[in-house]
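Presented below are the structures under discussion, each in the form of structure tokens.
After this come two complexes, each holding chain A, first together with chain B and then together with chain C.
So, the complex of A and B:
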């Protein structure tokens, strides 16, 4: 299992448990689209590497979330992946934030 | 990233095949040998011969030696094994599964030895465990090792209870004298060794044939991949181009024989340098190469219909959505150079930011969704002056995502430092310098992704003598289709004609854009 989904007072947190988001783990992340709530945060804290298949899956997830009118946030993204997310325009749909900020705005 | 795979060595193939034989690696079945039924019949024939000889010869020999108590158990054991061989042969013939039949024989052999062990002598106990575990180990099946050990332990407990409950059986065991038990041990050991040896040799022979078949297929695949690599290389744009004050150098190093990276030049009027594109299809190997071929074709068509990079990317993205149900994505950066104004217009579909090098290095930060993600995307476009002495470096993510032995990424900062370090090099030397730096950084870590670098350089004004190029390529004024230009350095004709007027109604704006056209007669059709 590459992801773990937690419900946290109105906020869904999708924790990515693998250190590499690739074609295999991407399928599970894509499948998480069905679990998206009004506000969902993807936690990349354990992720060291994301390949192009992983980026593709994440982009499709954020596009799907946008079409459903749901908000996605990214937590604990490394500086390298922050730049990658920026280049593929992912940050427009999934801004970076911290869990504290999210919880503060939730309550 | 996937590790780059090289052609497998023989030892790797053997290991893979035996892993496959164990069925524990989750890999698909190895290719079927030419005659699986022949191997299966051979295995059964060897067993029939060995067990038949045992059933016929051992009882009288034991009787003659005075070990009459052993005659019946040995004879019955041989009969049971012959029966198992018949059953295994029938089953294997139906399924054409030699490995399954071999496992069936081995299970039957183990059962008979266990039964003999239950009935006869304490010497058999330790021997039993060794046989069960060793057979299971040979079969390389972890669950069988555990199950065999449990069964052996249970049978030993059962044997103790059996001897307590049934005095007649206990008497049979007790009636066998220690010397007879020793002989029984020797005979049984020989029996097991014989059966296992012939079965195992047939099994190995069977899979050796598969290994050779597998390696032959690997060799054919490698040859086909090499041809694919040659075809893909021949379709790539030339590695070097010169046109007046402008020059381009490129390098592409796929992680496998074929890759998903590509670069492309779109000629402008007078065959001068026009559009430069660099792209990366998600994935590697043949699937990425096939997808890349489709994307490149669509891009070529769309780029020749219009000039503005943003429009071109928008149309390519729409075409990709309708022409192919892409499962991945494609990053693509398209830049169009106006050589007279010294301006580069560019749009970006999720590709790495290009880097401008002059007395410093600077990224051209323009983000955009990759192609194939959302068909409704419209791309932004920007322009940047490219003064004489300036280079622009385009690259794919294989550069910045190369890992070293410590698990560190090459990364964006290291790339920018490297580019600053080599800012005085010629485009050709620059691309090789960067690739060398990445490969030195990676050390023994296999290349995990395709690496492509394209450098556009605006040099100082140099007047070349008509009829001779600096590189010995073509003469000035000749028209050369860019796609047909060989990979050796080629000097193209400098733009002697002003760019035609912009197409009425085109989206472009700004002074520099007024000079742009696609060189093919106008805007979108």
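So, the complex of A and C:
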């Protein structure tokens, strides 16, 4: 199991449990598309490696969130992964935030 | 001190499971050479992207066809050469413009970021492609990984001094 989903009112937290977001874990991460709520935060706290196949899986979540008019956020992103996300303009669609910030604005 | 590492060769079947072996090996090589942690992560990602490309586009995912990866130390730079059996690779394999994310998001299966990422992470790329064989080489300048950038706890057990501390030897 690569992800664990936590649901609160209006907020989904997708805990990514695998250390690699890549071609092998992509399918399970994409499956989170069925769990999106008004706001969904992906928790990268356990992730040590992300490549373009993994970014593709994340983009599929972005696409699905847009279709549903919902918002995606990223939690606990390392400096290296932040750099990679910035290279491909990912943070425009999945901005960085903290759990505290999200919870403070959850209705 | 002259490093003992001049050429390491790994061959894997064309399956993503084995890409992880190469990516982990890249980390070992980077730490052996004294790369800073950020530079190590860059190398790891670039190698992963090149090998993924070789598996998917070069060898078309045929598990019985091998991807070869060579780590070659040449004076002040590390070359990582990824070899597949695809051949006739497109010339734009060495030059991809920045992705238009809005266009990517219009696709059902947004891919094609790998080569762009490699370009951002390495110091140079080189492509040789002909009938039934493609060699994609990425260069990493060693002088960009000075020892003072390495966090104290970063190198693993048995880490070696950075290449800058070594005397130059003959290229092999």
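In this section, the second predicted complex is superposed on the first by the 105 of 107 C-alpha atoms of A that agree within 3 Å, B and C clash if a C-alpha of one lies under 4 Å from a C-alpha of the other, contacts with A are read in each partner's own complex, and residues count from 1 in each chain.
We take it that a contact is a pair of C-beta atoms (placed from the backbone, for glycine too) under 8 Å apart; a residue touches a chain by one contact, two chains touch by 3 or more.
Since this is a predicted model, take the numbers as computed values, not measurements.
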> Counting only touches as set out at the top, which of chain B and chain C does A:88 meet: first, second, both, neither?
Replying inline: both
> In the superposed arrangement, does A:24 touch chain B (first), chain C (second), both or neither?
Replying inline: second
>> Per the contact definition in the header, classify A:56: touching chain B only (first), chain C only (second), both, or neither.
In response: both
> Who does A:80 touch here: chain B (first), chain C (second), both, or neither?
Replying inline: both
> Shared contact residues on chain A for chain B and chain C?
Replying inline: 22-23, 49, 51-53, 55-56, 59-60, 63, 80, 84, 87-89, 92
> If you look only at chain C, which of its residues touch chain A in the complex?
Replying inline: 16-17, 19-20, 23, 38, 41-42, 44-45, 48-49, 52, 98-99, 101, 104-105, 109-114, 116-117, 120
> Can you list the chain B residues touching chain A in their complex?
Replying inline: 1-2, 280-283, 328-329, 331, 348, 350-353, 365, 367-370, 372-374, 397, 400-401, 407, 409, 411-412, 449
> How about chain A: which of its residues touch chain C in the complex?
Replying inline: 20, 22-24, 49-53, 55-56, 59-60, 62-63, 66, 79-80, 84, 87-90, 92-93
> In the complex formed with chain B, which residues of chain A make contact?
Replying inline: 22-23, 48-49, 51-53, 55-56, 59-60, 63, 80, 83-84, 86-89, 91-92
